[in-house]
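Multiple structures follow.
Below are two complexes that have chain A in common, paired first with chain B and then with chain C.
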Partner chain A sequence: MLKYILLRGLLALAVAFTVSLAAFFLLNIATDPAQAIAGEDATQEVVQTIRARYGLDQPLPVRYGQWLVGVLQGDFGESYYWHKPVAELVAERAGVTITLALAALSVTILIAIPLGALAALNPNTWLDRMALGVAVSAQAVPNFWLGLIMIILFAVMVPIFPVSGDDTWRHFVLPAFVLGASSVPAVMRLTRTGLIEVMSADYIRTARSKGFRGGALLRRHALRNALLPVISVLAVQLGQKFGGSVITESIFAINGLGRLALESILGADIPTVQMLIFVFAIVFVAMNLLADILNAALDPRIRIS
Partner chain B sequence: MSKLLEIDGLSVALTIPTGRLHAVRDVSITLERGEALGIVGESGSGKSMSALALMRLLPGRAEATGSLRFDGADLGAVSDEAFSRQYLGHRIAMIFQEPMTSLNPVYTIGRQLSEAAVIFGGKSQREAEARALFLLERVGIPDPVARLSQYPHQLSGGQRQRVMIALALMLEPELLIADEPTTALDVTVQAQILDLLRDLRREMGMAMILITHDLAVVAEQTDRVAVMYGGEMIEEGRAEAVMADPAHPYTRALLGAIPRMDGAPRRLGAIPGTVPSLTSRPKGCVFAPRCDFARPECVEGRPPVRGGADHSRRCVLSDAERPAAMAAAPLRADHVAAAQVEAVIEARDITQVFTSRKGMFGARHTIHAVDGVSLSLMRGETLALVGESGSGKSTLARIMLGLNLPTSGTVTMLGKPVADLAPLERAALVQPVFQDPYSSLNPRRTLAEIIARPLVLRGEDDADACAQKAREAMEMVRLPARLLHSYPSQLSGGQRQRVAIARALVTRPQALVCDEPTSALDVSVQAQVLNLLGDLQAELGLSCLVITHDMAVVHQVADRVAVMLNGQLVEEGSCAQVLGSPSSDYTARLLAAAPQFRPEWQAAPAAEGHV
Partner chain C sequence: MKHMTTRVLAPAFLAATLFAAPAMADKADDTMRVAMAEEILNLDYNYTTKREYIILAQMTDTTLFDLDPRTQEYKPAVATGYAFVDDKTLDITLRDDVKFHDGSVLSAEDVAYTYNWIIREDSESNASGTIGRWLDNAEVTGPNTVRFHLKSVYPLVLRDMAQRIMLRKAGTYDEGGTVDRDAMAQELIGTGPYKVKSFEPGQELVLERFDDYFGEAPAIQTIVVRNLPDIGTQQAELMSGGIDWMFKVPLDLAESLGATPMASHLSGPDLRVAFVVLDAAGYTDADGPLTKVKVRQAINHALNKADMAKFLIGGSAEPIHTACHPAQFGCDQSVQDYPYDPEAAKALLAEAGYPDGFELELWAYRDKAVAEAVSADLSAVGIKVNLRYVKLESLNQARASQDIPAYIGTWGSGGTADTAAIARIHFSMDTDRNLSGDQALADEVLAAEQTNDQDERAEIYSSALSTIADQAYWAPLFTYSANYLVSPELEFPLDPDGLPRLQNASWK
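After this line comes the complex of A and B, so read on.
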């Protein structure tokens, strides 16, 4: 098992470096960092000076190599824009984004799984149709729109929550709901189909013949089987929450990684963008790994002896 | 003292998109303490539905009516909640057909055994585990202590069914319902499980309802037999009486349809027609449309129950009118000429090795699925390839069909190596018929298209000629031409298997390879298909390789028999020689395990002289 996790960890690193390589070349083709640092009105000379100072006049593969050597030593470089080590910058902002992502995932779980279970236990009734309706509308509503509507409703018209910022837990309620809602449809549908399938399985009939019914049947025999696929999807969704935080953080003016990503892309702050992409890729792959480990722990059939 | 179980006028109806399906109609059964009752019937006869109604395990859209009394108490007055707590497991327990899927895959055997005993049975965890351990040992599971912490996927099918039996016995129920407990298992395991059930029943003084499609099993295991057809109980009585002197024409026909191991093979008594649709409730006898003895009054009203408590049936025929014992059926055409010299398919030193990896980084495993087997199919003969699951018989069949190339060894067809034959040439020589006619026919094509497909692929005939040949093939397998434009979903299992045979025969191949051609079919339908195969062979001089696990089928159709075990051929010889005096222990075990009719039931006496 340990060997398996180790191998998967190495695989995760390989993925992260591949992503960073692609990102590096794309960024440098799409923007000219020296021009961005110098400003739009700067003379060609100034731009050249900056280019030489930051080492931007060297060929791309050499620069990627330098970046890679730095990363392997734990040095992600210095931000062109903020003029401080990128790692420090990311560390400052990470806490807020992690809080937001976990809060959003909790929102997803708390809405999607009970809703999916209700629908599965009452298939083709009004409950089922209502759950499906909620899922379809949630899927159709764009994140930024839902964010603005929530602000108008619960921060402006009925001021229960603050409009923006990230100082107290109250600041996180609306953004977490907005970010979490986007994952509800997928998770709810998966819970529903998974549970419907499990409830018609032979071992559920066996459990019934032993005297189990209702909640006990669900808790003791159905839920674990039905949630196995849901856990995989939840882990992937958590990875997406980090990426999805770009829009939500901007709407609610939360100073997290998402907003940092947006700012550094606009400022052609390549070292910062590079590290963020690297971090997002690592998080994403790590979440997948976590899902696999969790699944192996919960399902003896895929456990490696 | 009241009877243990009294079922009176039980009916089960299901609401389906096209109307109401009357799965069980007015069934009445009584059971004494400690008694074993067999409920026999083909698929759709309502036998499982009756049991599920008693267990309150019917699907949500089903509705049961009628009176159920258990140990004198009216179950109609017991709430679902109370029934779950007081009856299920404690007094009535059930084991199911599918041992592979009936245990929860994510919990240990120990937990699944003990949980209900702790939660509902008032036992302590320690007591429950002790009982589980005792029962695992009793049902014959080696190393029971270690098993408690294992998961279902670590056990074989037979072991899982043993665990299911232990599970059912945890709280010492007074009634055990076994719904086709051995159908999914290998023959040798079947016999062990049935014997175990019988011993346990006697030891614990438990009553049992054994539900099965297999008359031979019922005859061996139970005191009384109830025969169901089309949702109704049409005959009921002491097992010996029913088997020796079946009183209802259906039971009689069903017994005639079973291939038997004793005596020379005879033509099977196939029942014409198919099982009736249960969506409309017929006024008269459910069997009347297929009955050879039907009379006008059969369709006018429900036939009366005749006979006494020992043996009764629902039929208009009085004792005097009952048909005499089935006349000895004529022998099949003896199609095999003296000595067969020409091999149609010849396999020499076939070895097939499979390698697999566990996960992305796991170690390689190699399995010798077929290990140095040589086998020839001679012109005009039927060769039966026998073995249990995992013996490599299907792998060998695919190789002999030319669908797979073996790891080593050669296959020749009419002297030409298969590797040199173009796929179309090979297909002209040999054609397959697969086990499951439900999944081996394309559901989106009409029968005409399915049957003509091999001709279209060859591209030798124009559309008219293809259609003509498809019609001929339909005729050959005795399918009415009006079905040409139907889809497989509109056919019964037996009809589908005929379509599969027609498709195989349309190019007039030299040989057929039939992989378990009847094991997915009901007894009466199996008889139709086996008769058809025999007839076709006589008419066309076909060579057949039949793969099966059923020794009675072997006895019925085979000229020669080859027995496989763990990828190797352990015995080969003429049918009479192998079945009569097997030289390998394994063959002998297979034969001993096959359910057989006891000698005293062989000669069915004339109808008179029963109560």
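After this line comes the complex of A and C, so read on.
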């Protein structure tokens, strides 16, 4: 198990470095950070001053090499815009994104599992179809569209939540719903499939013969087993929430890692983008690893090696 | 994404207006909340360049002179007056009642320090290039007098003093010999009508009226600047009363929401102009069609710039025929105009030896609809356009490599109503924006910056602009307009130079 975790950790680092290498060269080919910092109407003099100030006049391999050496020493560089170490910047913003990601995951659970159970208990009925329809719609609707619709409905027409910001728990309700909605179909369908399979198992028949019915049967016997694969999927979904927060955080003006990523990409703030890619890749791989470990821990038939 | 989301949702926003209560401005607590999409990270305009920072600097800082946007005259601000001792020596007298936000009084030493710091090599200020071009050094000559020694004759000294250099206390950037270029980035001590109350970079800036400001006190007590990256979110905030002012609003959205009781749409002029730059010098093809003046004139005739201004930009946008904004000093409107005439364009192409047109690679980086309209107009006279719609950085790189036959450019002149602000950067020989290759024109443009005689300058620009028009180095398109959405409770005056001055806002 330990060896497996170490191997996956190394894999995570390899993924992060590969992605960062690609991102570094692509960003530098597609944009000119000095021009982005200087603005549209900046003179060449100003652009040149900025280019020299940030060492952007060095060849790309040299700059990537410098970045890599810094990273190996624990120094991810300094943001072109914020003038502070990007590690500090990311640490400051991480809390907000973690809060949003966990809130979004809670939304997913609260919607998807009851919906999946409803569909499983009424297979191939209009209830099943409706649940499927709701889930598929949630996945099909783009984040930015759903976000603005939620703002119009619940912040403008019926102003019960704030439009934007991240000061209080009320600021997280709408973005958590928007971010959580996209994971509903996967979790809902897995819950439905798992429950349908479990409901025909022998031990459920035994439980029924003991007099268990309805909610009690579902809670005490069926869900426990049906949700095993769901738990590992939720871990993966949590990782995706970090990357998926880019649009949601921008629409709701939440100062988390997602918005930082978007602003950094648009502004060609390469050191910040590099570190964010690194963080997102590590989180994603870590969540996948967590899913594997959870699977093994919850189901003794699974062994990881 | 910003525009796409708002366009997709415009009908939904309008539907919402039927149900929502009118937006409540914060007149009650005398706080104006404004939205900016650009993240505000540095409050020191001596180290920034973008428009948002100019808007903020006008509130937090003062300069030696002020530009009157209506008369285009430079009026005393921190300076009470000036006198040229000779062509290269300028004496400035200062007020004695200017206070910094920390309560200390501004001195001649502070002024001299600020200017001398900016031109120091290790200052790395974004203003160094502009000021270093003409300033040799600033010298304190009395308790309230500073002498500026110029490297050469430079007629735009007052402009640069009015617009580029924000005054700092002596020692601000190198206290104790330690250079700190970010000294004023977050904890700004300026001399403007508003002082910084709190600042969370990238999130929120709170400005409070500075009671010891030497000039006319602004009407509104507190201004809160919120960073809201998505324009759809800004609209929702405006509708729900979360903000009172937003700018850079797409025309269709401004008109839609402005027609409701929830917001007022204001449209004012903007010094930004759009134009097509043509490779007359033949950098991309030494004997190509664009090296022929008749082809370039044909392109000018082919473009329906009036329709582009009216339907694609709207508001106060106007077609132009000069390589400058009509509101700028020296922008002579009597130069050759090429009215929209596709038949004349075809005839000129035939005369130039291209009766069936030719293939043209046209680059553009913003306003895709305009780029497509230009392409369509050129196609209509037989020029087969290959439109390269790219990011600004890519266009700049290609232009630096002299690899662009034609591009649609725009220029805002940094809000400066003087032809110098657009002519030099586009027609001097040391800029890659100059695709004319015309040395005589370049000399003329520079000559206009070598004299303090305004009549002479106007004459020189008139001649230069005539050359540009006659040779059709550019195909000028139109001026832009600036669209704002504001709370119905807010009185927000618009100035002819298009620069939003939040300090002039008041409640109705």
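Before moving on, here are some points about what is shown:
Heads up, the rule we're going with is that the second predicted complex is superposed on the first by the 259 of 305 C-alpha atoms of A that agree within 3 Å, B and C clash if a C-alpha of one lies under 4 Å from a C-alpha of the other, contacts with A are read in each partner's own complex, and residues count from 1 in each chain.
By definition in this document, contacts are C-beta pairs under 8 Å (C-beta built on N, C-alpha and C of every residue); 3 or more make two chains touch, one makes a residue touch a chain.
Since this is a predicted model, take the numbers as computed values, not measurements.
Taking chain A as the reference, the larger set of touched residues comes from C, when chain B and chain C are compared. Once chain A of one complex is fitted onto chain A of the other, the partner contacts of A:Ala30 are limited to chain C, with no touch recorded for chain B.
In the superposition on chain A, A:Val173 contacts neither chain B nor chain C. Using the contact criterion defined above for the overlaid structures, shared-chain residue A:Arg220 touches chain B, although it does not reach chain C. In the superposition on chain A, A:Ala103 makes contact with neither chain B nor chain C.
In the superposition on chain A, A:Val285 makes contact with neither chain B nor chain C. In the superposition on chain A, contact is made by A:Ala201 with chain B only, not with chain C. Taken together, the chain C residues at the contact with chain A in this complex read 1, 4-5, 8-9, 12-13, 15-16, 19-21, 39, 41-42, 49-51, 124, 126, 128-130, 182, 185, 201-203, 226-230, 232-233, 236-237, 239-240, 242, 391-394, 396-397, 410-414, 425, 431-432.
Of all residues in chain B, those touching chain A in their complex are 55, 57, 80-81, 84-85, 88-90, 93-94, 96, 98, 101-108, 115-116, 119-120, 151, 153, 164, 167-168, 358-362.
Only residues 3-4, 7, 201-203, 205-213, 216, 220-221, 224-225, 228, 298-301, 304 of chain A touch chain B when the two sit together in their complex. Partner chain C is touched in their complex by these residues of chain A: 30-32, 35-36, 38-46, 49-50, 53, 81-83, 144-145, 148-149, 151-152, 155-157, 159, 162-164, 247, 250-253, 255, 259, 262-263, 267-268.
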